[in-house]
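I've put the structures underneath this note.
First chain A sits with chain B, and in the next complex the same chain sits with chain C.
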Partner chain A sequence: MWQKTRPYLLLLPAIGTIVLLFFGGLFDGLLKSLGYFPALGETRFEMTAYTNLFQSSEFWESLILTFRVAALSSVFAAVLGAAITVSLFMLKESSKSGASQVWHRLFQLPLTIPHLVGGYIIVLLFMQSGFLSKILASAGLIDEITDFPVLVNDPFGWGIILTYAWKEAPFVSLMIYPVLSRIHRSWRDVARVYGAGSWNFIREIVLPVMLPAWTIATFIVFVFTFSAFEVPFLLGVTYPSMLPVYSYQLYTSGTLADRPEALAVNIILAALTILLGLVVYYFSKRWNVLKGWD
Partner chain B sequence: MSDLRIINIEKQYPQTKQQKDPAFSLQPVALTIKEGEFFSLLGPSGCGKTTLLKLVAGLMPADKGEIWVGDDHLTAVAPEARRFAMVFQQSLLFPHMTVEDNVAFGLKMQKIGKRERLADAQSMLEHVGLSGYGSRFPDELSGGQQQRVALARALVAKPRVLLMDEPFSALDPSLREEMRELLRGVQKEFHVTVLFVTHDREEAFYLSDRIGVMSEGKLLQIGKPKEIYEQPANVKVASFLGLKNIIEGRVINNRFVSNDQSFEVPVQTSIKTGPSVMIIRPETIRLVPDNIVKNLQCLYFRGVIQQKIFNHGFYSVKVQAGEYLLTCSFTSQEAENMKVGQTIDLMMNNGDLRFLNE
Partner chain C sequence: MKSPRRLLNSILFLLLFFVIGLPFVPLILSSVSFGWPWPNVLPDSFSFRAWEYVLADSSGTWSVVGTSLLVAFIVTAVNLLLAVPAANALVRNSFRGKWLMEAIIFAPIVIPPFVAVMGIHLTFLRLGLTETILGVVLAHISPTLPYMVRAIMISYNTLSVDWENQARMLGAGPISRFVHVVLPHLLPGIAAGASLSILISLSQYLITFIIGSGQVVTLPILLFPFISGGDPAVASAYSLLYAGIAVLTLVGMDLALKKYYQNKKAATGKG
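== the complex of A and B ==
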């Protein structure tokens, strides 16, 4: 009996902490979003916060912006990450020197930099009075630094997208590179003998092999950017703001009456994330992406 | 005619710092393989067979020499444009593709339409005894079946030359025999030119029209299986072919005398005076029948049986004759009354002996 329960008991502190902090917080947020606020004497459950949100144009604009920024960031990060990985893989295949290792480490560098610092780097590089605009102005490519497009604190969210694309591409690369190491060295030879050039090899062998990990990595990036706070807070505009920032704005607006709405935004974010997860799972199953590997 | 011509091709591997021994080099190889011929490169591991195969496939650049198929000069042509096929030691099927898609891979690269290539793949799968397996994935097949798929993938693209790098070495013996039969059959049926690499003598002898024996980066002898077995060009070839009865001696006045002087045989004038070896094939040694009248065309000697082992339907008997321990091959009937320690009289035709200058 002791032997059987022992592992569970040993895991209990860790599981307890996770359940308390994660699910407890989520549950507390859910209750409060439904108007259950005993501190204010509100003990009834109602959907007012959700109806208010769904009726406000600010929420919908915020949701659209969040989707757009998250989708574009994930697509850019996914494409950039895959391009880095495939290049590193082909470099490793074709050269025997340690050059590919050096490049590999170099591309992983952004992983070590915190998101906030990444955001500042983008600000310093891409704002109108930033590094890039000054270089372009000095080179005579633009007349004034104000001719440089507004890429930071812009309503479209380019600054946020750039930050996440730069920061998450190495993450995508880190996720899919080990998967590519499953590619047998001789497969390249096999493919070549049967008439496949480099591009056909990538299309027929490399991409299908990395597709499952790629999908999952892109989804993680999407979910992360979808609910991330600090970079949109730093690089976004006040209106429209991304959902996590919108939630924060509501929560700190000074009136307690807005708090259920702020928490409802978080619950909607969590629900959308779970929904997207299910969609990705369904498609990855349907595409048979893992078939043959087990 | 689309013969495969390998003209003085050579390759020198770079010397690495860790290795003290000189780096491996493939000495110039000149070889013509006729269209539809089954040619085997036979040699021990590390002798350069696979290097030569990769040079022919174009997977490795040659330092010197040329590769031709018919009138096409292929030395500078990329492997993907050579229209060759290759079967490796492992099946190397792509795990994310079905068996059918694996077989049709070469055709897809040749931009043949889906319907046509899948039909061809199915028909080829039938030829290798795997009809109905098309929709499975490679991990659902046994090792032997995977290698059959690899063979089907190679043949379906109608290659100009089929290169095979010890394709059956990872299979167990019974499967290996089955695959040999299959390969022999399909090779004759499709009349495909095969360059086959192996270290397995039995396999090379069973399958090949001609064999090239390699050792230490050199192609030592090319010939039909019977020729190279009965007339090995040198001691290395003889010993690799399993001819263990190699007797050292000298040729003086057109007579070979063994170092211990227990054997003395007349030799042809083509054998030069000086250090030489005499090779005796085990199956040419016979027991001297009773009441025989000895003649000059045969070599007679006496030996003591040291060992008697039953081996695949015959007896392998080791006989001490002078300083030499000779391996003889006897039928069960001949070996029936033989005992270890017994002295026996043996003979062989002088014509079955092979002499080589050292």
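== the complex of A and C ==
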């Protein structure tokens, strides 16, 4: 009896906490998005919040912006992350010292920087009167502040994309480095015997080996940027805004009538992230990304 | 053989400088600047006024740092108590509904936690949990707990039951088995989980703002008005302080762990 109930008892505190605080909150939000507010005497279920959302162009623009920003952020982070990892890997291959370990640590610095600080770093670098604009002006490449493109608080979301590319590239690197470190030194020698240069070695061996983990890492970054709030709140514009910011704007607009709509946006966001999460899970299991190969 | 390596090294150094170094340059310069008009690459004059303001008692920075760390450490301690038994059950047993249990515990990694917090906000309001540290701690648990469980599970994976049975045969009771056999083995996982938990708790803006309603002031809440259009020098100084605390917490955790193993090694060496 004890052997059978033991795992459930051990799991009870953690599961209870998550169910109460997390799923309780989700459920609470779902009820209120359907207009069920017993405290206000509203005990009927209605879909008004959802139908209003699907009819408003603001919601659709917000959704498209969210997809675009998440897609571009994850692609840039993936390319930058892979560039960092492959150079670290090649460095490790050609040296025996612990230097590559130090490099690896240094490249992970952006991962530990809080998101708001990361966002502000991008503001200082890329705003029209920012550091890069000052450098370009001093070099004589631009004459006016307005010659520098609007990259921060712009409707396209470049500021958000740049922040996430910078913040998440080390994450991508962290995910693919362990896979690369399983490539044996001898493979490199064999490749050289058959006449492969560094570039051929990267293209024929390194890239195919890291492809599954790389794809999954990119997808995780996509799901994360899809639902993140802080950076779009700091670096976006009021209209159109990314979904989490749109929900926050509705929630704090002051009128109680907007709250079910805010919660409806949240429920749609949660449903989309669950869907994306299942896709990641399916492919990481199928490709055996987390375990590697035998 | 030597020249391609030097080339690779310099390419890597350039990449490091552009990706890691350069972004911090304007942040540091701006925090010690006194007027920095376009198009000068360097500020006109330097002053420590922003740092003096930030570090002075009157600006209340230290009580905010205290609140942030207090919340982060309580959250981490609670997570630890919840995560160790959960990780044990998930790694060592196969039982009915295990996938469901895992799905529940790891759900907050995928579904954004602010969705749950916005949903539970009115209930917290009715229970008097808003504007309190306790409320903020409760809100920070779901985004952090999954990472703690994950980290401790990795450590449990490499701990064989045989070791505990061995200790049992030598007459160790459940408590001393846990303290002397299990805990030392889990320590790296606990340290990794705690670092993640502290880092994630320190960086929560939205859920702290919703539940704390501006009354529980943590570092991101304090920082936001400055970076969204305040004095750039003060904003930069606060940003550096905030990032510094996050990085120092991680480094401190790492060093404490190394120190523990050194002492351990010394102790067993003597024995």
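In this text, the second predicted complex is superposed on the first by the 272 of 294 C-alpha atoms of A that agree within 3 Å, B and C clash if a C-alpha of one lies under 4 Å from a C-alpha of the other, contacts with A are read in each partner's own complex, and residues count from 1 in each chain.
Just so it is clear, a contact is a pair of C-beta atoms (placed from the backbone, for glycine too) under 8 Å apart; a residue touches a chain by one contact, two chains touch by 3 or more.
This is a predicted model, so every value here is computed, not measured.
Asker: Here chain A is shared; do chain B and chain C fit on it together or clash?
Answerer: fit
Asker: I'd like to know which partner A:6 touches here: chain B for first, chain C for second, both or neither.
Answerer: Only chain C; A:6 stays clear of chain B.
Asker: Going by the contact rule set out at the top, does A:209 touch chain B (first), chain C (second), both, or neither?
Answerer: After superposition on chain A, A:209 lies in contact with chain B alone.
Asker: Applying the document's definition of touching, compare chain B and chain C: which contacts more of chain A?
Answerer: Ranking chain B and chain C by residues of chain A touched puts C first.
Asker: Examine A:169 and indicate which partner it touches, taking first as chain B and second as chain C; both and neither are also allowed.
Answerer: second
Asker: Pick one for A:19: touches chain B only (first), chain C only (second), both, or neither.
Answerer: Touch partner of A:19: chain C, not chain B.
Asker: For A:130, using the defined touch cut-off, is the partner it touches chain B, chain C, both, or neither? Pick first, second, both or neither.
Answerer: After superposing on A, A:130 lies in contact with chain C but is clear of chain B.
Asker: Could you say whether A:197 touches chain B, chain C, both of them, or neither, answering first, second, both or neither?
Answerer: After superposition on chain A, A:197 lies in contact with chain B alone.
Asker: One more residue to check, A:237. First (chain B), second (chain C), both or neither?
Answerer: neither
Asker: Could you tell me how near the closest CA atoms of chain B and chain C get once both structures are overlaid on the shared chain, in Å?
Answerer: So the smallest C-alpha gap separating chain B from chain C comes to 8 Å.
Asker: Does any part of chain A touch chain B in one structure and chain C in the other, and if so which residues?
Answerer: none
Asker: Which residues, counting only chain A, touch chain B once they are in their complex?
Answerer: That would be residues 184, 186-187, 189-197, 200, 204-205, 208-209, 291-294 of chain A.
Asker: Mind listing the chain A positions that touch chain C in their complex?
Answerer: Against chain C, chain A makes touches at 4, 6-8, 10-11, 13-15, 17-19, 21-30, 32, 39, 80, 83-84, 87-88, 90-91, 94-95, 103, 106-107, 109-110, 112-117, 119-125, 129-131, 133-135, 137-138, 145, 166, 169, 198, 223, 227-230, 233-234, 244, 247-248, 251, 262-263, 266-267, 269-270, 273-274, 276-277.
Asker: Which positions of chain C touch chain A when the two form their complex?
Answerer: Of all residues in chain C, those touching chain A are 4-5, 8-9, 11-12, 15-16, 19-20, 22-27, 30, 38-41, 81-83, 85-86, 88-90, 92-93, 95, 98, 101, 104-105, 107-108, 110-120, 122-123, 126, 138-139, 141-142, 145, 149, 199, 202-203, 205-206, 219-220, 223-224, 227-228, 232, 235-236, 239, 242-243, 246-247, 250.
Asker: Spell out the part of chain B that touches chain A in their complex, as residue ranges.
Answerer: Going by the criterion above, the answer is residues 54, 57-59, 78-86, 88, 90, 92, 94-97, 105-106, 108-110, 137-139, 153, 157, 163.
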